[in-house]
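Two complexes are shown next, each including chain A; its partner changes from chain B in the first to chain C in the second.
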Partner chain A sequence: MKLNSQDLADLAVGAAFLGTGGGGDPYIGRQMVQLCLDEGLSVELVDPDDLDDDAFVIPTAMMGAPTVLVEKLPSGLEAIHSLQRLEKRIGRKATHTMPIEIGGINSTIPLLVGARLGLPIVDGDGMGRAFPELQMETFGVYGVSGSPMAVSNEWGDCALIEATDNKMMEWLSRGVAIRMGGAAYIAEYSMSGADVKRTAVPRTLTLAIQVGRVLREAKAQHVNPFEALLGFLPTTLYSYATIIYTGKITDMQRETKNGFSIGRARIEGSGAYDNVMEIEIQNENLIARVGGVVKAIVPDLICIMDSETAEPITTEGLRYGQRVTVISVSVPEIMRSPEALAVFGPACFGLDEPYTRIEDLTA
Partner chain B sequence: MRIGIDVGGTNTDAVILEGDRVVAACKSPTTEDVSSGISAALSTVLGESGVAASAIDAVMIGTTHFTNAVIERRRLLQVAAVRIGLPATRGVPPMTDWPGDLADVLGRHCYMLRGGHEFDGREIAPLDEAGLLDVAREIKAKGLRSAAITSVFSPVTAVMELRAAEILREECPGIALSLSHEIGRVGFLERENAAIMNACLADLSTKVVDSFRSALRHKGISAPFFISQNDGTLMTPEHVESYPVLTFASGPTNSMRGAARLAAIGDAMVVDIGGTTSDVGMLMQGFPRESAVAVDIGGVRTNFRMPDVLAIGLGGGSLVRDGGARIGPDSVGYEIMKKALVFGGDTLTTTDIVVAAGMADIGDRARVANIPAETIATALDTIHRMVDEAVDRMKTSADKLPVILVGGGAVLVSCDLPSASEVIRPENSGVANAIGAAIAQVGGEVDRIYAMEGRARDEVLDEAKAEASANAVVAGAIEGSVKIMDIEEVPLAYLPGSATRIRVKAVGDLAMKGAEA
Partner chain C sequence: MKLNSQDLADLAVGAAFLGTGGGGDPYIGRQMVQLCLDEGLSVELVDPDDLDDDAFVIPTAMMGAPTVLVEKLPSGLEAIHSLQRLEKRIGRKATHTMPIEIGGINSTIPLLVGARLGLPIVDGDGMGRAFPELQMETFGVYGVSGSPMAVSNEWGDCALIEATDNKMMEWLSRGVAIRMGGAAYIAEYSMSGADVKRTAVPRTLTLAIQVGRVLREAKAQHVNPFEALLGFLPTTLYSYATIIYTGKITDMQRETKNGFSIGRARIEGSGAYDNVMEIEIQNENLIARVGGVVKAIVPDLICIMDSETAEPITTEGLRYGQRVTVISVSVPEIMRSPEALAVFGPACFGLDEPYTRIEDLTA
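What follows is the complex of A and B.
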């Protein structure tokens, strides 16, 4: 499947939705990919099922602060450089690249790399949403090593990281990214086609494009976009989706702790919702509570959307007075196993509440 | 007493206010030279009220002139867009996402040079001064008279933009320079876009401010005058000459604040019907609801704080076609006095429809006697449906809200709207814009990165609020009237320490030399 400009526009919306508040605005990534299309380059997606078992896939991404990215735009060559550095280290040419994270800006970086290098992009990723740290990958959960990893900046400076586990890789590369100005571009979790089939959350790029398309078409046809979205998701691996709250944002607290953007949004209910919902944020929306009772919890998606336009709102975009609708969506089973929850379940974010499926919370 | 003037694309409105009381108000056509239209409006309000020019304490002007110039791609200068940030930023060159026709008008003179800073003030690269000299030579060779300079993280440290300006000024004497750090905030592309748009208005801004000045002098008004900016606060004329882009979208803010004052109501929907378009927005506690997303102006992405308004192609000059089933989006605009049927022209406009329907008495009614009744009924139906749909789209809940109709074209809507709890047509609604300008306030701002670690959030916020309030007073606000209008905290995630960018805006009423406040 070759992507066109409309697909890119839809992807930007769908990726923001799957980012659950985090992951950064895909706008800049989209511009870089659009320039590729304008030059006549193609962006080609490959279904994981169509991948040869001995294909060699090197995922690419940006790491660091989205607030830096929107100011210090990339040269566009950083992630390509990281991929090539890794090829050299491993002694093998990549046959494909793919996203490590579908939420936000990182849905677009591999498209840029693929278009520039003429590599097809695997339709899938390792987070199924957005997460703040690089060990929070289904790839790693099911045994793929993140290392060796390459971290590059706009000058072509590159750090090669060989860590004993993926958490140490995250720790070391984070330090490098800060030295590189707070945003850097990476290649990691290189693996075979067989590993991709076994460990990736499949078909999330096309999912994001479809989410964007469903919202766009609903608006064009004056159909309620929330109903359209809730009607569409059950046909995907994200099979359970429900509105958990509707109301107005009455307070937005933010602070930075250990490099994370921590926040708490207070939503005063309207209509059938006559209480207050509090959403805890750690870059992404982690947990939603009403009167201390959990209504949705990570890794299930908690998406805050503009009630009127159905635009997904990022953490940075949340403001007092916005009318919002909160949607929670079940993540695919590959992200809900005990092994997966040990890497990106509630306890990994310091939450006391155990993971409970959204299906069970709303039943 | 104060005078509020609104210079729109179609009409120039003026009001004299004494406190909240409208002493005189008038509406006259905007003229090509701007100045004679203002003079005419001033003559009317001063003459009508018998107020002496010397009794005026201040004049506030709102204008859509600069926004319209960009939207219409008229009277714009070619611009040298100078970007400092290589080897970073090359992935998205200047004007990448601009509408092609606007980029063509500005000449696509894009230059990218080494330099820029990291978030913590370190250099990405030293400023490429030799490269800048080459750029200066090319600017001279091409005869460009205006340049926009944007450096990475200039809101954190502006030294490279300032040094680049120094070099260009030296090499290209008389060049107009727009420095991004003086115009926008963090968010590179949006700030660069704003700086480039500002640069293309450099000629027009001097001319327009001059014509304001001469119109006032001509009427013997020596009181200070101000121009309103997009957030509803006031700028000095000198500031506008350098930063015309900051007046963008001041029109919707003025009309909505004016509507709130006229209707004495804080929560409502406002429909401002002008000559070419209608702006629909929502008032919350007397202030417009702001847009949460990036705002496009003339197709260009910016990050200005602006009221969230929906513009639809419906105004008093909109063309009526297909027996009334199709209205706008094109309009005869300021030529309505020549082109509309009631004024002896040959174009069927919405104004002709309401005159023919007997809902308004404008121009020569005999000239519209031949419009078929069916066309009139269909056109009125179309007009009401367009307004009702727009109101419904901009509401944030299904609850019905009052709708305040303002603007010169308010006469177009005569019936109830299904989406409104009531339709309010306040007195003087035709000049809500000018009233909004007249009651505009003075602002003070703080925008800085604070180290939050080891400090209570409230303590840091209080410090920032106090400083913003003090700045408002320095800018001319009455001390007791200053309120905090907006607080924005953006923690710099994934960075060491607890660095947080805090932006606080405070506003207060302008201190008058007279007794009135």
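What follows is the complex of A and C.
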């Protein structure tokens, strides 16, 4: 499947939705890929089921605080440099690239790399959403090593991280990314086609495009976009979706700390809500509570959308006074196993509450 | 020249002196090399003049805050791992290793690596003393690239830094060393024998051994060790040496910040001094002032020694109440060129005072 400009526009919206606030501003990534299309380059997706078992896939991504990206734009060559450095290290050319997360800019970086290098992009990712840390990958959960990993900046500096486990890889590379100015571009979790089929969350790029399309078409047809979205998601692996709150943002705390965007959003309810909702953020929306009671919790999606336009709002776009609709969505079963929850469940973010499926929380 | 246990003991003392307070506790490094001698391994020095032009030299060292080393001991394999990682990256086996600095533990790490790998150690280094940052090398001053560089910890984690300049190499690798717990082990500035001859400060390992021997023999013969030392140094490249202060430490500020040991020592004079001396520290002693007037300034050596025992005192060994003698020593001309001062002169440490030779300050 070759992507066109409309697909890119839809992807940017869908990736912002699946990013649950994180993953960086998709606008920047979209513009860089659009430039490739304008130059006549091709952005071609491949279904994971169609991968040869001995394909050699090198995922690519941005690493850092999304808030930094607003001021520090990429040159577009950083992730390519990292992929090529890894090819040199391993002594094998990549046959494909793919996203490590589907949120925000990281759904588009691999498209840019694929278009520029003439590599097809695997339709899937390793987070099924966005997460703040690099060990939080279904790839790693099911046994793929993140190392060796390359980290590059816009000046041509590169660090090759060879860590004994994926958490140490995250820890060391984060130190490098911080010193590269808070945002860097990486290649990691190189693996075979067989490993992709076994460990990736499948078809999340086309899912993001579909989410964007559903919202766009609903608005064009003057249909309620939230209803259209809640009608569409049950036909996907993200099969349960529900509105958990509507209201107005009345307080927003946000800081860039240890290389992450950390924050808390306070939303005062409209209509039937007795208590305010508080959402805690580490790059992504992690937990939503109303009066101290959990309404949705990581890894299930917590998406804050503009109530007027049905646009997903990223962490750095949240503002006092916005009217918002908060939607929670179930994630695929590959992300809900005990092994997966041990790597990106609530305890991994310092949350005391146990993971409870959104289906059960709203039952 | 093969080193014996007595040489090692003398080296530890002389390297603490030349380290001007920095470079880490030489005791730890000495014990690790002694263990090699006990096992029958050989520690062999080679004069730089005897190097083949096409020899391939990979220097090795510890990187981090000396204060951390007191609690976080090395396994002894870290620097070997870094050297071997660099060999693999470059595709060539090292024929020699050597120190990047002559201060403290970094005079001994290459001896350990050389003994374990059966490599001779070049008698010389790239700082002619100790400095806190990795771009502060005569190697780099005269055109050798520090990258590629390997950074390893005791667990087997490794980062390969490929930076566009030596200052960026320092900046990125420091981030990694901090995240490895504040002390890591490195291989960098790989170069030919011809480059060593052109850029190294020569014969500083044997100089350190001689300094230790002079102090030891003076004490054994009940000769004033300070007089013996001041009599010996004029026969070396470090040709001017003078006592700039004697007194008692009355205040000591010290903190570990951004991966460095930062501090300030206040010494109240005994005898003829009207004003106190203040010494500013970034891992090493950088500047000595009395009543605001500069008495000695980097890169010339400022060495704080115990007035009773004539033992050099490292930064982390300074204590309230110690009676100390402060000696300043001129450095070789290769370290005083405009190019050298641009890399490790006073301005590089944020000092406002211009560099003035110790000969001129005491004239």
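The definition used in the following text is that the second predicted complex is superposed on the first by the 357 of 363 C-alpha atoms of A that agree within 3 Å, B and C clash if a C-alpha of one lies under 4 Å from a C-alpha of the other, contacts with A are read in each partner's own complex, and residues count from 1 in each chain.
Keep this in mind: a residue touches a chain if its C-beta (ideal position, glycine included) is under 8 Å from a C-beta of that chain, and two chains touch if they have at least 3 such contacts.
Please read all numbers here as calculations on a predicted model, not as lab measurements.
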item: Which of chain B and chain C A:I178 touches, first, second, both or neither; value: both
item: Partner chain(s) touched by A:V122 [first = chain B, second = chain C, both, neither]; value: neither
item: Touched partner set for A:C158, first chain B, second chain C, both or neither; value: second
item: Which of chain B and chain C A:L205 touches, first, second, both or neither; value: neither
item: Partner chain in contact with A:I80 - chain B first, chain C second, else both or neither; value: neither
item: Which of chain B and chain C A:G317 touches, first, second, both or neither; value: first
item: Touching partner for A:M168 - first (chain B), second (chain C), both, neither; value: second
item: Chain A residues touched by each partner, larger count belonging to chain B or chain C; value: B
item: Touched partner set for A:L301, first chain B, second chain C, both or neither; value: neither
item: Common interface residues of chain A - those touching chain B in one complex and chain C in the other; value: 155, 174, 178
item: Contact footprint of chain A on chain B as seen in their complex; value: 85-92, 96-97, 116, 118-120, 122, 124, 152-153, 186-189, 284, 289-290, 292-294, 393-397, 452, 457, 489-500
item: Of all residues in chain C, those that touch chain A in their complex; value: 85, 155-164, 168, 171-172, 174-176, 178-180
item: Parts of chain A lying in touch with chain B, wherever the complex brings them together; value: 27-28, 31-32, 35, 64-68, 70-77, 112, 154-155, 174, 177-178, 181-182, 253-257, 259-262, 270-271, 283, 306-308, 311, 313, 316-317, 319, 321-323
